[in-house]
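Should a chain be cited, it is by its letter among A, B, C and D, assigned in written order, with residues numbered from 1 in that chain.
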Amino acid sequence: MDTTKSFLVAGGDLRQVYLAEKLASKGNEVYAIGFDENISFSDDICQLENIIMLNNRVDYIVLPLPVSTDGVMVNTPFCKQCIPLNSLTTVLKDNGIIFGGKFNNASKKVFTNCRIDTIDYFDREELNVLNAVPTAEGAVQIAMEELATTIFGQKVLITGFGRITKVLVKILVGLGADVTVAARKYSDISWAEIYGCKGIHISQLNENISKFNAIFNTVPALIFDKNALISVKKDALIIDLASKPGGVDFETAGVLGIKVVWALSLPGKVAPISSGEIIAYTILNILNERGMADD
Amino acid sequence: MDTTKSFLVAGGDLRQVYLAEKLASKGNEVYAIGFDENISFSDDICQLENIIMLNNRVDYIVLPLPVSTDGVMVNTPFCKQCIPLNSLTTVLKDNGIIFGGKFNNASKKVFTNCRIDTIDYFDREELNVLNAVPTAEGAVQIAMEELATTIFGQKVLITGFGRITKVLVKILVGLGADVTVAARKYSDISWAEIYGCKGIHISQLNENISKFNAIFNTVPALIFDKNALISVKKDALIIDLASKPGGVDFETAGVLGIKVVWALSLPGKVAPISSGEIIAYTILNILNERGMADD
Amino acid sequence: MDTTKSFLVAGGDLRQVYLAEKLASKGNEVYAIGFDENISFSDDICQLENIIMLNNRVDYIVLPLPVSTDGVMVNTPFCKQCIPLNSLTTVLKDNGIIFGGKFNNASKKVFTNCRIDTIDYFDREELNVLNAVPTAEGAVQIAMEELATTIFGQKVLITGFGRITKVLVKILVGLGADVTVAARKYSDISWAEIYGCKGIHISQLNENISKFNAIFNTVPALIFDKNALISVKKDALIIDLASKPGGVDFETAGVLGIKVVWALSLPGKVAPISSGEIIAYTILNILNERGMADD
Amino acid sequence: MDTTKSFLVAGGDLRQVYLAEKLASKGNEVYAIGFDENISFSDDICQLENIIMLNNRVDYIVLPLPVSTDGVMVNTPFCKQCIPLNSLTTVLKDNGIIFGGKFNNASKKVFTNCRIDTIDYFDREELNVLNAVPTAEGAVQIAMEELATTIFGQKVLITGFGRITKVLVKILVGLGADVTVAARKYSDISWAEIYGCKGIHISQLNENISKFNAIFNTVPALIFDKNALISVKKDALIIDLASKPGGVDFETAGVLGIKVVWALSLPGKVAPISSGEIIAYTILNILNERGMADD
């Protein structure tokens, strides 16, 4: 992909601002809409007040994460004015692509009904791998803020062995924590040991749980139920990184006086610049792959 | 699994010796056959000259890796005497299990025909994960022996991003090498970067290849063909860890005067103790899982 | 040192509370004074409202860091009531020792005039080494809080190569930052490279300074003067860890719009538990050394 | 130091060959003498058969490590022909410098008598720091070759906490060994812990020594005397890196059947290229410092 392209970045938060900057820094033509005037872009980016001001159709439109909360309007937390999803269908070149994160069915249909190609960058593995970095750093920042000890020397438990755990392990071992990983697969326990942790089978969790000063949960299932929580140290800190229902019985934790922080959507909160750049990088990878496929 | 069991370890090399020792150290009753008298076991193990000397039937039989080269006899490199596979069928308790590594069809049939359960420990993911450690250490040892430089500060390339690469990366970064990983998947490139390497797409290999002092190949495909080798530094070292056809055009490398070491089956060679213990660990995991399933 | 001893912990902040707990956890007899009733100790510690309540003389008295601000009274930030330094001279056994951190001449004289031995734990190298851990962690926490990027992938400069830098380097490299150390001694530059950083001579600082997103200064001298600051990126973050005059021309930085955080006395702020335990550990080392000398 | 200079590299082993290459690669004019014709240099270096063939006097002469074994002739292991030290005095420019490693009094006097400045590069701290890298790598290579286990997971002891230990710790922790450092100073024990090891006081050595599978000694004093060796595991490996008398009672170790490798002068043996480059780097640092001093 030698030739540069034109992008319209529509809506979103700080991540989309930095995504636009990253795309522009690679020499692309970048327009931005859905950001009030108090959000300032560099001179390389053409900020539009209204979609009518766009003179030419663009190659690609980039929508935020999530694309839309109601399936009708673009998600524009930084803008008073609304942008209907269907207003974008006319400003895209033929064979253009609409990128977005976590399309729901309704918002996807707006485009597929017009035979416009949509790609969900949140489905890409490298985006989720790279997002594990701000998530893990954010989790460690919370631990640093909440604990009256150093991370160095603390007995730390991490449950699960997915992307976030792999990055967490690297950071926490680098900080000199004494890290134990509880996982279900023996091969994951072996990986945890190779990466400098102790590994235990998740079935041995409750009998070991009382040792830990800090606990990071990454499993979206009720791992820390009443039975488990009873054995947790009263002054331990639990940081729950699991989405949706979470992995902790928050009520019981409250009754027992155990501090739990449920930390969701950390990338956009703790590192919007990096998060925006990760999305831009992912979109460029997608285009790169398509370019290679064309050759 | 609280109660200890009886094991017959039949045939194999040093790895099976240490496997037997590991099983015995956990309190199990262990018999060994297929090792000449110059191989000495600790007092906990009962070494048998002949299978007839086994008074009671055992819970489990452990065969070597590979189980057999001809499908008839146990693979017994440390023993002059032969042990027919079918002689083992009568010394196993009902519901006993025969463990082995890389059963071929013929050797498996000997047992399944008698309705005896066989389990191939080489199919277990944790064994392959843990075996990546002696493989990676062995590869680094070869690099240390062959290079007239330190590993520290060298520009090192690794192709592929499987189990061996993940361990190699950890060791080489720890040694202070400047490591680049060439992989096909963007998510693997991201992981390589997270683990302190540079990541490049495999399609960019040839244009980057001239930078490297040492190259580790883990991909079992002809990555280092004439086109690639032409650009490799004349004093670079290539260590090929890929099985079967290997990943290097050895003939062209020879003509170009590039040193290539094809290093296969490293675990048994560089670390027979650890390799034997890894097999024992894997077998105990299997039994543990079955025990849990019983409950 | 098998036999346990009696300690009076007098004054100080949270660090002294945890120091008292640590000494008690080792089986020593511990009294505490100079902490209001809202500060609660575990049952192992005897909290005294007034020094008169101490029935027996103690082996050791432990004073805070700093010992005293006026040379007359113990430094008691957690207590309304005052404790005159000279009131402590009568409650110490013959040959007892008074420990304290940063005795000034006046407060030292109170005791030496009575021929009481004082030891400044802040003079001990291991205390300063171990204190580098909370300092470095605190500095990284500030960087995480202030930067809208991940630490991963950032270009970070550290000036100086003392204790704090050594720990900072370990943490930041573990986080995946691209770290450059600027030092005066060539051997320190070599160490920085061995620990995974780039090393530059401090004389090359100004010509390199524009590359960095985050800068940690550990040198107590005006390194970041007008000349240096002019070349610093406008959105870079400077964290100054140098004591006394600091290493940054704060006024010029302000004029240039460069964010500077002057972070002092981090151990007591970010990790009072660990800091107290470090002091306890140091005191026990001192007693241990004296015990060995006696043998 | 912008202008390039002329160097005569006289005598030595492979290290001096690579040192010459390094100096030449920086644009300097380099002559080599004391290497037989089977030693080939790149085209940038002018190899002389006899010192008479040198047409112009040079800025600097670089002698090997050690400079001379008899105080009369240059140490020339790669050359049948002898080079008297005093033959070099006439080929050096006024104010030229003679560099060498480990000058003894006699060889130094040859030059100082002629009022020629000599500098011993072996006295430089950065050379000794950087040489710790090939020493530590060489020690690990020996351990890999001698042990039938992986380094991963082994219980390793290192005595002393100097330069070699610091590098060894980094490599061994990267390999996943379980490392204990025995040191005399509490601050060194703290550093060892910060770098991911266990730390014990050297006085506790004998009571802990039976745990270890591999032992690296860096202390040039009889640490491993009869008393200590009695408790060492029979199948443990001791690698003694201490110079002169060594740190092991080799005779007792032999009687007890404990394998000891006394590994001296590793840099020149395991990594002559890197070792030569380290000397070149050190010489350029010295000239750089002098250049700065001149300005």
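Rule of thumb we're sticking to: contacts are C-beta pairs under 8 Å (C-beta built on N, C-alpha and C of every residue); 3 or more make two chains touch, one makes a residue touch a chain.
In this text the structure is predicted, and so the values were computed from the model without any measurement.
*Asks:* Using the contact definition given at the top, which chains are in touch with both chain A and chain B?
*Replies:* Both chain A and chain B are touched by C, D, going by the contact rule given at the top.
*Asks:* Taking each chain's centre as the mean of its C-alpha atoms, which one ends up farthest from the centre of chain D?
*Replies:* In terms of C-alpha centroids, the chain at the greatest distance from chain D is A.
*Asks:* What's the call on chain A versus chain D, same or different interface residues, using the half cut on shared numbers?
*Replies:* Mostly same residues: over half of the interface numbers shared.
*Asks:* Can you check which chain pair, A-C or C-D, has more C-beta pairs in contact?
*Replies:* Spelling it out, more C-beta pairs touch across A-C than across the other pair.
*Asks:* Rounded to a whole Å, what is the gap between the Cα centroids of chain C and chain D?
*Replies:* Here the centre of chain D sits 37 Å away from the centre of chain C.
*Asks:* Could you state the distance in Å from the CA-based centre of chain A to that of chain D?
*Replies:* Centres of chain A and chain D (C-alpha means) sit 49 Å apart.
*Asks:* Listing for chain A: what residues touch at least two other chains?
*Replies:* 133, 152, 170, 173, 176, 194 - these are the residues of chain A that touch more than one other chain.
*Asks:* Using the touch rule from the top, collect the residues of chain B that touch chain A in their complex.
*Replies:* Counting only chain B, the residues touching chain A are 124-126, 128-130, 132-133, 166-167, 170, 185-187, 189-191, 194-195, 203, 282, 285, 289, 292.
*Asks:* Spell out the part of chain C that touches chain A in their complex, as residue ranges.
*Replies:* Its residues touching chain A are 14, 133-134, 137-138, 140-141, 144-145, 147-153, 170-171, 173-176, 270-274.
*Asks:* Tell me, which parts of chain B touch chain C in their complex?
*Replies:* 152-153, 173, 176, 193-194, 196
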